[in-house]
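Shown below is the structure under consideration.
Labels run A, B, C and D following the written order; every chain starts at residue 1.
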Amino acid sequence: MIPAIELDNLSVLFSGRPILKGLSGAFYGRAIGLLGPNGAGKSTLIQTLLGFHPPTRGSARVLGMDVRTQIREIRHAIGYMPENDSFITRMTGIRLVRMMAELSGLPPAEALERAHETLFHLGLGEARYRDVGTYSLGMKQMAKLAVAIVHGPRMLILDEPTNGLDADGRKRMLEIIREIRDSHDTQIILCSHLLRDVEECCDEVVILKEGLLVTHCNLEAERRTNRKFIQVETRGETGVFLTRVEQLGCELAVNGSRRLKMILPETVEVRDLYHVAAETGVQIRRLDYKRDSLQDIFLKAMEGSNGRT
Amino acid sequence: MTAEPNRIVFTDVSKFYGEVLGVNKINLKIGPGITSLVGPNGSGKTTLMNLMTGLIRPTRGEIEVLGTRTDAPETFYSMVGYCTQFDTFPKGVTGFGLIYSVLRLHGRTRREAEEQAWQAIEQVHMTDAAHRRVAAYSKGMRQRIKLALAVAHHPTVLVLDEPLNGLDPMARAESIALFEKLAEEGLFVIISSHILHEVDLMSDCVVMMSNGYVVAEGDIQEVREEMSEHPIGIRVRCDRPALLASRAFSENHVVEVRIEDDGAGVLLRSRSVDQLYALVNRVVLEEALKIEGVTPVDEDVHSVYSYLIGSNGAGRL
Amino acid sequence: MAVHRRGYHQYDGPRTPERWRFWILARYAFRRVFRLRLVAIFYVICFIPALIASSAVYLSHNVDVLASLFQGERFSDAELVPVTAEFFLFLMTFQASLSVFLTALVGPGLVSPDLTNNALPLYFSRPFSRVEYVLGKFSVLFVLLWLVTGAPMLFIYLLKSSLAGWSWFVDNLHLAFAIVLGSAVWVSLLSLVALASSAWLRWRPAAAGMLFALLFFPTGFGQAANEIMRTGWGSLLNAIVVIGTVWNSLFYIDDADGYARAARALNPMGRVADPIPAWTAWLVVGTVCAVSLLMINRKIRAHEVVR
Amino acid sequence: MSIEQIGVVAGFEMRKFRAGRKWFFPLLLAAAPVSLVSLLLLFDPHPPSNSDITRVFAVMFQTFMLRLMILFGCALVFANLYQGDMVTRTIHFYLLAPVRREVLVAGKYLAGLLITSVLYGASVGIPNILIHSANGQAVAEAHFFGGPGMRELLTYVGIALLACVGYGSVFMLTGFLFKNPAVPAAFVLVWESANVFLPSALQKISVVHYLQSIVPVPIPIGPFAVITAPASVFGSVTGLALFTVAVLIVNGLLMRKAEINYVSD
């Protein structure tokens, strides 16, 4: 299985300012999450993979093809969804998607058929005959996704696909991304700031910070190994309850007014918590086991290398 | 018209852009603390915020923010800070230059303006990029500068239109902490956002909008309890779900009980949330159940949103 | 009854040859250009002068038809409408001015819709290079304008030669060559300038205004400079004089005094200074095209790198 | 307090003007007469006598400089002050500042005035000095210090500044009302150039009428012009000042009710 992306000491400089500083690694995941604070070089990395910027040093291979020599072949196999608004005014949805399909080499008849199929698949029903300029924000994002997948690419690069969408729009977009990921071997690079979206779609995560590759981990593996801890929400006066719980030997962390995070030693049962609660007149509302979420992995990555917290 | 010095009051406010509906018949009283504005795109959130900050005038109705009207700019804007949704900046200006100039407009002396500008820039961790041109900033950095701009002159009312849009996870956490700190200092912080789990995390009170109408308003739990047509549900993962189910049926406030198909959990719905939790606490002690977890099924903003708005409001994307 | 799961599937069917991919842009642009009724009407109007000219040429050959029209009016056998270089030059200047208005109508709408809403990444993340993009947009204008300038005059030339016989065709061949090349030069110059102004001034009326400004302001300035310094070099800034000289050098390729006569006519107030030499005119056209290409290249980028 | 704020707004506007590449065309216009005159000095072996020069400059001033250059220059600079913010959707930075709207208008006007008066004051003054020194140093000194040269120069520059004041306020108002600045600029150009043929009452409602009468070297204004009594220097200056203040007040009132409507084109 050739890696989706292979970086070999890749560095990129903008007029002297180093943006990517020697990235190396091979990423095989079916859906790779690309994370990092603002200005970490995520967009630059994506644009280097697309050949918008030549790498200053080192090399990058996409689906086994080198970015410097086979860029046209790469662009056949890639569907790119840019970050901010990107459409052509005074053009209907269907015509925009069809033209983009033809520009990727599909014959006109084939392009029209696939354009309609893609727009149907993404839920842009009758709006496809309207001018893209009149689309709502959610529909524009779907139109961008349509343009990215109409020519049937082997790899999808999505830059902030759910940015600015409302709750339903985000749910719809994530469903479609998961569906594309599971339709045989299409690989996805998802670049986003919303960690829950990345958690729901990706099985591998790459975290950049100030142009350096700080963390590269497999989410499934990470989930299994993490320490389990309990998150408890209570109602009523919790002062006495907290001290009693600590006496039981639980490691306690309070964040937010009513939310407690604690780690139970082997000897203590959940039921004991209820005993203590009943005795101290506190009602336990929410109680569930939690694992290190991507949020914690991300925060650890940031603190790892002279993070600023 | 009762002049309420400590509230943001909307009385019968409507705004139409020609015949396009902005917002319709809004009656709101917003108190200090974090109030979240939630609703699908185009539901009137931005219109409401523009009205509240005087950028646009209502077609009908009155708006009063802490007793002053929005059309007296010199006094009104010294207490209001607005971080807009527009991602546009004057050409050729640097981050620091913009905040400094606006503070000078606020009547600060040169030294004060410089000091406060730098203070605000530190708060959003933009110190190293402050002197570069805003045109060269990434989306997240522009967002931080807008945030700094809104808080630089220490307003008492802070209106933020999707302030976390484009920020990285670190910055989101820091911004939420900043908002909570400001809210504790007694500021009115009004935030519009789509990320419901963040809204759930940080807001004391929620205003839910759909198609230009306020659909619900108030504390999440109260709003949820008021929705009698959707009884409160909790999901209990334990070793003997059948026992808990039978004990639950004996109580009259329980409306629905369902054993989960994996046989290791039970879903209980009841008209009164307190009695339901009391029941669970009691049964765990008496029957020595081995509890895996007790989680409310639809108490958070997500479910309230989908009940109130998801079904009827946002048919489209 | 089977539930058909219409999911996403990759495409690995046949691909169109890459050589002609730039023409896709032109195909879509033509359809959009003629959607505006104003452009369609104006486009038809541009053909009227050619129509009149060709009917005049036809009538001048069939004198008897003319005679019957004017009952017995005696007509000398000399051609009514002499189809010579002057004839074609006059028609060319007329069509060229019409083509300027056509460019102002069509030009700005070609590039600015892509730029105002940041659509370039959509183009260049596909196997479609910036050269093909510019070539596609350029070919739209080139074809539209050439059909209005070069094609009708070529048609008249062929009509004339069919009437005047094979010998006329052979010894006037240089005229045909001049028509094709002359109109091609003017049309490419106009298209490149229109594309450059459309790329830099995203606001449509501004781009159209810039086109006219480029035609008139330098001319005014050049004339003023001529006036003050009493030289002829100022008319290098005068678009009409420059393209006129280029055409003269093509149409009078083998007729020196014809060229001199036309050059003087072109430069009425060239009192003392002699008209500008032909090679300088070609040089001006060349530099303007090069500068426009540079400006287009600067703006048509996948990613705006802001220092 | 508000005086200082006017200064801040003016400073901010000027910095925006310089950074926003908007100075290109106004500067080009201002450079035109200067380059023309310097071309003349460099290439022309035998310049005309000084008296002809004064007449040539007078013609050039009234036809090209006053009516075309300063008018279009002011149109470009002032129309952009308000429209620029609307088109680039940055007007909300101002509307959200605790500043009286009149202060905003005054600040912007001050910035526009400073820019145009510097640009067009120089583009009138410098050619005047250059052109009169075409015949060598001695003649120039005689002209300026001995003869009427200096008074003429100062009047010309003064007229240029007054023109900026007048046209500035007009184009600021039209910039506020019309999205496309070219339309009002063309209208004012036609109105001003036809001024000579209008009935005397209408002539009063224009900037050029007041300036026309205080030009040091009058030029024949064509056969069928309607002769009206030229206003005195004091009359023209106060007339212009009143005209400008009135336009600014209207502008301030409109600004009070300004709302943002960033409609995407």
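Quick note on the criterion: a residue touches a chain if its C-beta (ideal position, glycine included) is under 8 Å from a C-beta of that chain, and two chains touch if they have at least 3 such contacts.
The model shown is predicted, which means the values in this text are computed figures rather than measured ones.
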Chain by chain, through touching neighbours only, how many steps does the shortest route from chain A to chain D take?
2
Which of A-B and C-D has more C-beta contact pairs:
A-B
If you average the CA atoms of chain B and of chain C, how many Å lie between those two points?
59
With chain centres taken as the means of their Cα atoms, state the distance from chain C to chain D in Å.
38
Provide the C-alpha centroid distance between chain A and chain B, rounded to the nearest whole angstrom.
24
Between chain B and chain D, the Cα-mean centres are separated in Å by 51
Can you list the chain B residues in contact with two or more other chains?
none
Residues touching two or more other chains, restricted to chain C: which are they?
116, 307
Residues of chain D that touch at least two other chains are 265
Under the touch definition given earlier, write down the residues of chain A that touch chain C in their complex.
14-15, 47, 50, 52-53, 72-73, 75-76, 78, 80, 82, 84-91, 95, 99-100, 102-107, 110, 114, 117, 120-121, 133, 144, 147, 149, 151-154, 179-180, 183-184, 186
Can you check the complex and tell me which residues of chain A touch chain B?
35-40, 43, 83-84, 123, 136-139, 142, 160, 163-170, 172, 193-196, 235, 256, 269-271, 274-275, 277-278, 283-289, 295, 298-299, 302, 307-309
Complex interface listing, chain D residues touching chain C:
32, 36, 39-40, 43-44, 87, 180, 182, 265
In the complex, go through chain D and note every residue touching chain B.
1, 4-5, 8-9, 11-12, 15-16, 18-21, 85, 88-90, 92-93, 95-101, 256-257, 259-262
Can you tell me which positions in chain C touch chain D when the two form their complex?
116, 203, 205, 209, 221, 224-225, 228-231
